[in-house]
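Structures are listed in the sections that come next.
In the two complexes that follow, chain A is the common piece, with chain B as its partner first and chain C second.
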Partner chain A sequence: MSDHAATPAKTTSSSGFKIDFHIWGPVIALVVLVIAGAMMNPNFLSYGNVTNVLARSAFIGIIAVGMTFVITSGGLDLSVGSMAAFIAGVMILIMNALVPSMGVGIGIVLVGMASALVVGLAAGLVNGLLITQARIEAFIVTLGTMGIFRSLITWLADGGTLSLDYTVRELYRPVYYSGLFGVAWPIIVFAVIAIIGEIVMRHTAFGRHCAAIGSNEQVARYSAVHVDRVRLMTYVLLGILVGIATIMYVPRLGSASSSTGVLWELEAIAAVIIGGTMLKGGFGRVWGTVVGVLILSLIDNLLNLTDLVSPYLNGAIQGVIIILAVVLQRQKKAQR
Partner chain B sequence: MNLKHFAGALALSTMMMMPLGASAQDAETAVIGVSIPAATHGWAGGMNFHAQATIDALEERYENLDFVLSTASDPGQQVSDIEDMLATRDIDALVVLPFESEPLTGPVARVKEEGKWVTVVDRGLAQENIEDLYVAGDNPGFGRVAGEFFVERMPEGGNIVVLRGIPTTIDNERVEAFEAAIEGSGIEILGMEHGNWNRDDSFEVMQDFLSRYPEIDAVWASDDDMAVGALEAIAQSGREADMWVLGGAGMKEMIQRVMEGDEQVPANVTYPPAMIGTAIELTALNFVGNAPVSGDFIIGSVLITPENAEQYYYPDSPF
Partner chain C sequence: MSQAARRIEETVPVPKGQTVLAARAASRSFGPVQVLFDVDFELKAGEVHALIGENGAGKSTLMKILSGYLAPTGGHIELDGRRVDFASSDEAEDAGVILIHQEFNLAEQLSVEQNVFLGREIRKGFFLDHKTMRAETQRLLGELETKVSPTAKISEISVSDKQMVEIAKALSRNTRVLIMDEPTAVLTNREAEILFRQIERLKANGTAILYTSHKLDEIARLADHITVLRDGHRVANVDAGTMSEDQMAQAMVGRELSNIFPVKHEVGSAETVLSVRNLTVGSIVRDASFELKRGEVLGFAGLVGSGRTELMEGLIGVRDAEGTVEVGGKPFRLGSVKDARRAGIVYLTEDRKGRGLILTQGMRPNLTLLALDRFGKTMIDGKAEEAALDKAIKDFDVRAPTRSVLVGNLSGGNQQKLLLAKTMLAEPDIVIIDEPTRGIDIGTKQQIYQFIHALAGQGKSVIVISSEMAEIIGLANRVYVMRSGRITGEVQGADVNEDVIVRYAMGLEGRKFDSHE
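Let's turn to the complex of A and B:
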């Protein structure tokens, strides 16, 4: 639409003093939120609260890293929330079923984790094959699988809640609640995945191919990029990451039901876009996604820690901040 | 030519209608249609379980009763289900737990106009006097019983936090009655947030309450799914000894903890999904006995304590 979007970023190297909102917008928003939080409630920066916020961001965060690759290559995945619920359900059923034969031990937890990864991979493969081989729009495919996964978990749980065997749960619990040097495991896993994601996006052929496909599929094809294979890979990667997120999620409450993971897909997509990745593809950055995830969970946390607005309006506040964060980036970019 | 065609079609359609009408005439048995929402969350899952269990028991007990059960995942589907029951199954009575009041009012009224018996469960219709029998839980009672328990447990007063459900009339009625019950008792509500009857949401809200308030004496989680999330957040903070949690609705795991005398879960308040069973049983009575069963039947919310917990424990139910 506008030429500005197409021109490379480094046109005005002379004015290095000006703040580039496209790059720094999300970071500034995050810093403003942190300062506001610290002023409104003294407990905001306490070790306990920071750990809570980071650990609960981990599920959406891990998924959003994968979503960044899918969106960068011009795709979309609406099924991740339902997929997470389905994987959690299958994982719990497998572990419960193995208790009599395997006994309660590390082995059973490892089998559970492996099954989460396998189911995630398979689910991602189904999405990816339907999109690349059957040539159906990503939006439609994942809208379909979203409903399928959601129904399957409801069916598996018989409309109720699947709960992990109590003794297994006690063994598995530390995966969410304890950590290394005072940093909780979900935070560590999220950080490692984000760093690997950033490296893959910036410094590997796969990352560049994603951006190339998202920006112009035909040109990418003529440039000998295996478009279908790269596309398929992004969905499989996302499926595996949903599996990892579920591995961190299940020990938290030890249960899965049809209300697990509702709207996670939209939170992940919102985080990716707040972070500066383009919804229509062609450009993505993983560190921005991490900032986006943190912004979203900080808003929730702040609203709970203060009495600023009626709880009925929490959703509205979130909506306003999401739109503001994106407007800030896009406007400044257009002015250049 | 045209006329002949028309006559033929008419004859055909009359022929097709004949057997249907005939079979309905000579059938002695009464057919009761049961239309309920599908099991999309814990409480509804329990309700589905109790509906099926009641139907199985009644079909065993009474030979001359037949049941048609259908579950719908949205109001539109429920309307179609009811129309199908009327058109093809020739029901004599309808037991319906409306998905939403407004869209179901018209279709249920049409069933009534056909001269069928109508029982409405839990959610009332938008228009009065359609149903013969109304069976429902008591939402203000649910909040009041909980409030009275807090007053009894905290004679000196104290600080509590409240987790609310999805913003709806049901939730408002419960919370208003709760607030009225604790008024003047010295119990102060530090904070109220919506946990949306969801474990994950209530876990996060409770974590934030714990960061924010150094002194909390008790939690009104107002629902057992939310109580599960709140208890986990309290366990994480290591403040289990400081506060107790009152849930509600009678989830079997929570009832079990009450039964075992768990200090952290001292009681529960019922809002039984088994009310669908009550409705089906009462409707069946209308066809097998002479006792009058029309009117309103409000199932009170009862306080479950370690003394009476056993009679509210359904180990086979999914909820």
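Let's turn to the complex of A and C:
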């Protein structure tokens, strides 16, 4: 018994000082980024810059909230970027087509928004049904629909750009550029969706079921969870959120082309993973995803504001952060 | 290190009775919770050493420490009298110390053969030598009289076959110390016999064997030496001959155990709550018909693989099934677990790790998953969940090191109690329990039997599937016996005894089968 102290090497430390990086890692990274940014460029924390960063990150953010549910339940959706482009194209075509009959007014914008939601829902439904009913891997299905949506928007735009009717654009502009009490609309919408998402994930049966399915589908099935229905719901939810993101995006440029929304899927997935959701499913947190989105767009912004590193290296830095995030997740599990 | 270890083994055969592996004042804590306290322990060549204790006593933990899966937080391990610090289970395996896990450690997507040679693939030059590996796997499985094909995928073979593959894997190595954590929990009697023969053979060859099981008759039969753990402390360390089964049970639990089985209730002419007519489940179960009465404990006996589990899984909707079912006199539509639950039928699976519990989550979400709708319409009421967890821990005597422990870190028996609590939270009228006491210690078994008895007393109906004959005989008012996917007999009253049941199960009595069977 006297040699207890002789084996300190492998003792698992359980002191209270240790910070749980799995939980706090993303938050710490975000705080560090903000402080570093403020020190490097006084403009960084200005109202204009903050609004700009947040408003731009809203599109990815809204999509990433939906992606959190998909990934938590063990799925994946690679099609969201092309889906956004496709929805944007359809929206613009519908609104332009309605100008002669409806005239330019609030009505036409509302129809445009509704069509974005419907197309998003339908696209999500297609993904979800192929995955749950035809039993094809999510990766394959959404890789396929990613190509299909991308090709459809290219075809719709005839290889060029679809532009929204000028007068409609003027009317629609404020949805992106104005706001409430000085907060831009995209930011408000993102915040509301994130809060609802967090509540749904943590406090409703749907969120619980997503985590259960992602952890062990069999257990979920034996526990009276409608596995296919919940799965389908996550893709439909994501489709609708892509529709909402597109509604916020179209007034910004007033156009859609084959290069709209390129790589959004990867940014959204990256944000989810950086936020601490497990890529293989079973555990997800929406607030983490929000932090992940902010980290990604702050880095982008910082590189543009300072001349420390070339902005062309943005992708490389994001890549490093994603890998780092996963390594930190891993560390916790490897403890023995 | 590995080379050195192999050489020792080749050149110095350890004489019988000499200590091979030992733990010296081994302790282990998980975070703030200590689960093993200064345990001294010696394993001798050519000897079967049994480690027994209640669920959560620390048996698996000690076994993992001895085999390099866990590091002790105090004390150390000695191999051949010298201190060793296994940095990993690989190092221990290289030194000839091999653990067969309580929970399976097989790669589900790989084949049997690939699993047996995982990490030690035989090569011919640059390429894998499939022929040799397949032949060797075939030989090992043959020795174990297991019919499973070396090319079958693990995810598609039965639980008991998986256990046999684990054993084959261990036998394929140069084993000096073989540690087995409840190997027979999922085996049929016949398979267990085969395992015992292998143990005798290894023992004769001078292998040191550490064995644990909650089946005390096995211990009495196999062990040369017995160590008893209680709450992480070693409370006995004796020669097997000096300890009877009753004494073992008493040493484990720390109190006297009598009347394991409660006196059965009279069912009499109670009404029928469940009636099943000609239920066919896939290609496994054919034309099963049975009835269940209020307040009855109905046993389902039969050999493993006779279709009992499949029958019940068809009934509750996790397998495709056809047939006429009435619950409480009303027609019942097959196919949905949720509908079954609404009709008051719940099923407790025999596969608690694969189908019963989410090992990577805590106790609370696991407990409430099946009956989540009871905790709020849209929002889940966290407080009510906590209260339910409190009650479950109390009612079912779940012993968890901490409240937030991941369910995968609970001891096997405590997982089973949690699963029972989860099932009962759905407030069923008809409870189907598949292997209620698999891997459960004798004291807890008694608790579970009392519990089943009490359920019946409250007017609920219980179906018990069990491969332990004593359990069926001790609990059931009436017994159906299955064989090859059919119900071949029904016994009740004085006929509920081993002889009659075995005759039906073996097909010596009862309905004739189709010739294609």
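Operating definition for what follows: the second predicted complex is superposed on the first by the 306 of 336 C-alpha atoms of A that agree within 3 Å, B and C clash if a C-alpha of one lies under 4 Å from a C-alpha of the other, contacts with A are read in each partner's own complex, and residues count from 1 in each chain.
Keep in mind that, in the parts below, a contact is a pair of C-beta atoms (placed from the backbone, for glycine too) under 8 Å apart; a residue touches a chain by one contact, two chains touch by 3 or more.
Just so it is clear, the structure is predicted and the values come from calculations on it, not from any experiment.
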Requested in this report: Check whether A:Ser259 is in contact with chain B, with chain C, with both or with neither, and answer first, second, both or neither.
Outcome: first
Requested in this report: For A:Asn49, decide between first (touching chain B), second (touching chain C), both and neither.
Outcome: first
Query raised in the report: Just chain B (first), just chain C (second), both, or neither: which does A:Gln133 touch?
Result: neither
Query raised in the report: Where does A:Tyr312 make contact in the superposed view: on chain B (first), on chain C (second), on both, or on neither?
Result: first
**Report entry** chain B versus chain C as contact partner of A:Asn216, first or second or both or neither
**Finding:** second
Report task. Pick one for A:Thr167: touches chain B only (first), chain C only (second), both, or neither. Result -> neither
Query - List of chain A residues in touch with chain B within their complex - result: 41, 43-44, 46, 48-49, 52, 56, 154, 157-161, 163, 177, 252-253, 255, 257-260, 262, 300-301, 304-305, 307, 311-312, 314
Query - Touching residues (chain side chain A, partner chain C) in the complex - result: 1, 3-4, 6-7, 9-12, 14, 199, 203-205, 208-209, 211-212, 215-216, 218-226, 282-283, 336
Report summary line: In the complex, the residues of chain C that touch chain A are 24-25, 27, 29-32, 38, 69-76, 85, 318, 337-338, 340-341, 347, 349, 354-361, 365, 369-370, 372-373, 378-380, 382, 422
Requested in this report: Please name which positions on chain B make contact with chain A in the complex.
Outcome: 38-42, 44-46, 48-49, 164, 167, 191-194, 198-200, 203-205, 207-212, 225, 228-229, 232, 236-237, 253, 317-319
